[in-house]
């Protein structure tokens, strides 16, 4: 099977800091990959590189067979990759529902002046996504004043509204309360499986990683230091000691 | 042979010196306070008007030499009187608020100051070329040069070097840079950021007024000068990169020389030249010669 | 809700001059400024301030003069359409460069271009008539040469009709995905890019539309006054447009016209008293509105409506 996302020897430095030190990896269709590693090891930089927010000094990123290394986030998004951010990127002066409706409209085509943005078809689609992510109660609240966990969910809702083929989630459960983590991930992964979406998520909660991923990539100093199935990686003493800091 | 071009070079450099003065204050304030003051040109014209008025007064009393003193006194007065006042009342309110508000506030200030000057000084042009005449001319290498032009070039160099020293070496400069790099951190270290902003803004006002004062012996000071200058200052600051003092110097030299050339070849287009240069530079380097834009962390 | 207001305004503005004839001229000018201010207001939605929109007002006005003088077009409707088309094209071209910039850079670039245009208009005497400007002869209407009085009346009605039509169209645009995306740009441009939307494209569209509106305003003004001068591109005119846009509030397209009518009326009555300090007054008014009335007059009306709802 061909990889849906193939990364070869990705490198970039900022000032004196090597943020990507030869990243090599393949993501296969329908996989759910967890990315773990200490803070500052370059995980978010990796997501930035994959989505065109920054461009590498060398190396390539290929999506569904096409090179996307030098493309912009806008083009990459239209190719079928959606992203949810570590710091939720929302439209602060709009409500949760309006945020998702904008994403739905963007998917259908933003160059539309004939009908209003807030139309029944878009609204229904958006409401469906909100209910999946337990956001229905806050649909009409302005995102600026909501708690962090809700803002996170809204960010994920926006990404899912784009109906991507590859979903990149940067710490999806951070800021979410412990008892809500599993139900949330149950929902997300349920949708991923149903819609056959491939996903890669950065995560610090090892229980979430163990339970929901089928492969774990361990990041260290800008590269993939280890990879394997969760039960192997998460119980490897070497990984736990060096990377996660236990032991 | 060289001597034939020397006057052109001096003309261009003197022009560049004046342009540098009008732009450097704008770019400095932007670099430190992150505000592009649309009313910057009004301080320039205030400096010009005031130094003409004071200079004429002193010259009339039989002390023409003091008209030269007026050239430095007026900007100081303006900076001391208006700098802290405007920064504390109008500008401070806009910190942390949407940039659009900052533009509207300084634009409103610009409108007010322009009309206030019209009310105070009238619509007839003022001129006072005593300082220029006083300094006379020099004969170098068979050519005649206005000493005033040489003074302008010298002063521009001095101011440029002083600013550089101020920012890089002095204690105040270090405070300013600390606030620019990381305001929150600077505050937690006990640095009085509001004071730093006030100081930086006042320096900017001084530089603008000083530019106007220095220019006043060479031009007629009339309403509309402020508007003319703010667009020119912006063009020069944009060419150099907003917030870049060295950039402003280089841009001033570039514009000064192209203007001098335009006067020889196509005089009617001379006013438009700085903007053509800006257009060309921005197409190639969207943020100016030394400018850059930081990517937001996400 | 907005439809009600603009219709009321149009009806009042249409009927009042029956009893007070000279108001007809004032209201026509108010519409012309309102159109240009609407252009400014649209950009404000995207967080962009144009303090040089007088440029397009002047382009529209001078386009009328050139169409009459060089292309020999006489008909009012053709002139308005032609001038608007030309200005829209200019806005499209300038916009291509402009959309790379935001905030203060955007504002100052617009100012710079408008002032360069002013200089060119003033200097290129043989093309533009220099500081004297150009005369604009009274246009014909559908082949008929009307008397000045009848023409003014026709223009007045046409202006009001255009005002209502454009308010409806622009409100539609602002509520459409393209228009709402504009509002999203200054809240989070990065997120918009990550939705697959080109922020530059959205701004370019808005900029072109706003230029066209200002051009139409300038064209109407040229025909109403019968004369075009370089001052139409001067920063003072841009200042008025910004004030009207801010005064009117950016909630709906009607706001720009509420602001424009308000300002034209104030100016008409204040001209004896404060002609010398008009810019200072505008500046002070701008500051007052910013500090105390951030939603503009439109927002004020909405707030009043909430306190005293209509009982029907």
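The letters A, B and C name the chains in turn, as written, and every chain counts its residues from 1.
The rule we apply is simple: a residue touches a chain if its C-beta (ideal position, glycine included) is under 8 Å from a C-beta of that chain, and two chains touch if they have at least 3 such contacts.
Note that the structure is a prediction, hence the values are computed from the model and not measured.
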### Innermost chain, taking as reference the mean of every protein Cα atom displayed
C
#### Entry: Interface ranked first by C-beta contact pairs
B-C
### Message
Quick check for the class: compute each chain's Cα centroid; which one is farthest from the centroid of chain A?
### Response
B
### Query
How many angstrom lie between the CA centroids of chain A and chain C, rounded to a whole number?
44
### Message
Rounded to a whole Å, what is the gap between the Cα centroids of chain A and chain B?
### Response
48
### Task
Could you give the separation in Å between the centres of chain B and chain C, each centre being the mean of its C-alpha atoms?
33
### Query
What are the residue numbers in chain A that touch two or more other chains?
53, 89
### Query
Which residues does chain C have that touch at least 2 chains other than itself?
190
### Query
Listing for chain B: what residues touch at least two other chains?
298
### Task
Show which residues of chain C lie in contact with chain B when the two form their complex.
44, 47-49, 51, 97, 100-101, 103-105, 107-109, 111-113, 115-116, 119-120, 123-124, 186, 190, 234-236, 239, 242, 246, 276-284, 286-287, 290-291
## Note on the structure
Contacts from chain C onto chain A in the complex sit at residues 172-173, 175-181, 183-184, 187-188, 190-198, 201-202
### Query
Taking the complex as given, what residues does chain B use to touch chain C?
30, 36, 38, 90, 93, 98-105, 107-116, 118-119, 227-228, 230-231, 234-235, 238, 242, 268, 271-272, 275, 278-279, 282-283, 286, 296, 298
### Query
Which bits of chain A are touching chain B when the two form their complex?
44, 48, 53-54, 85-87, 89
#### Entry: Residues of chain A that touch chain C when the two form their complex
51, 53, 72-75, 77-78, 82-83, 89-94, 102-103, 105-107, 109-118, 158, 162
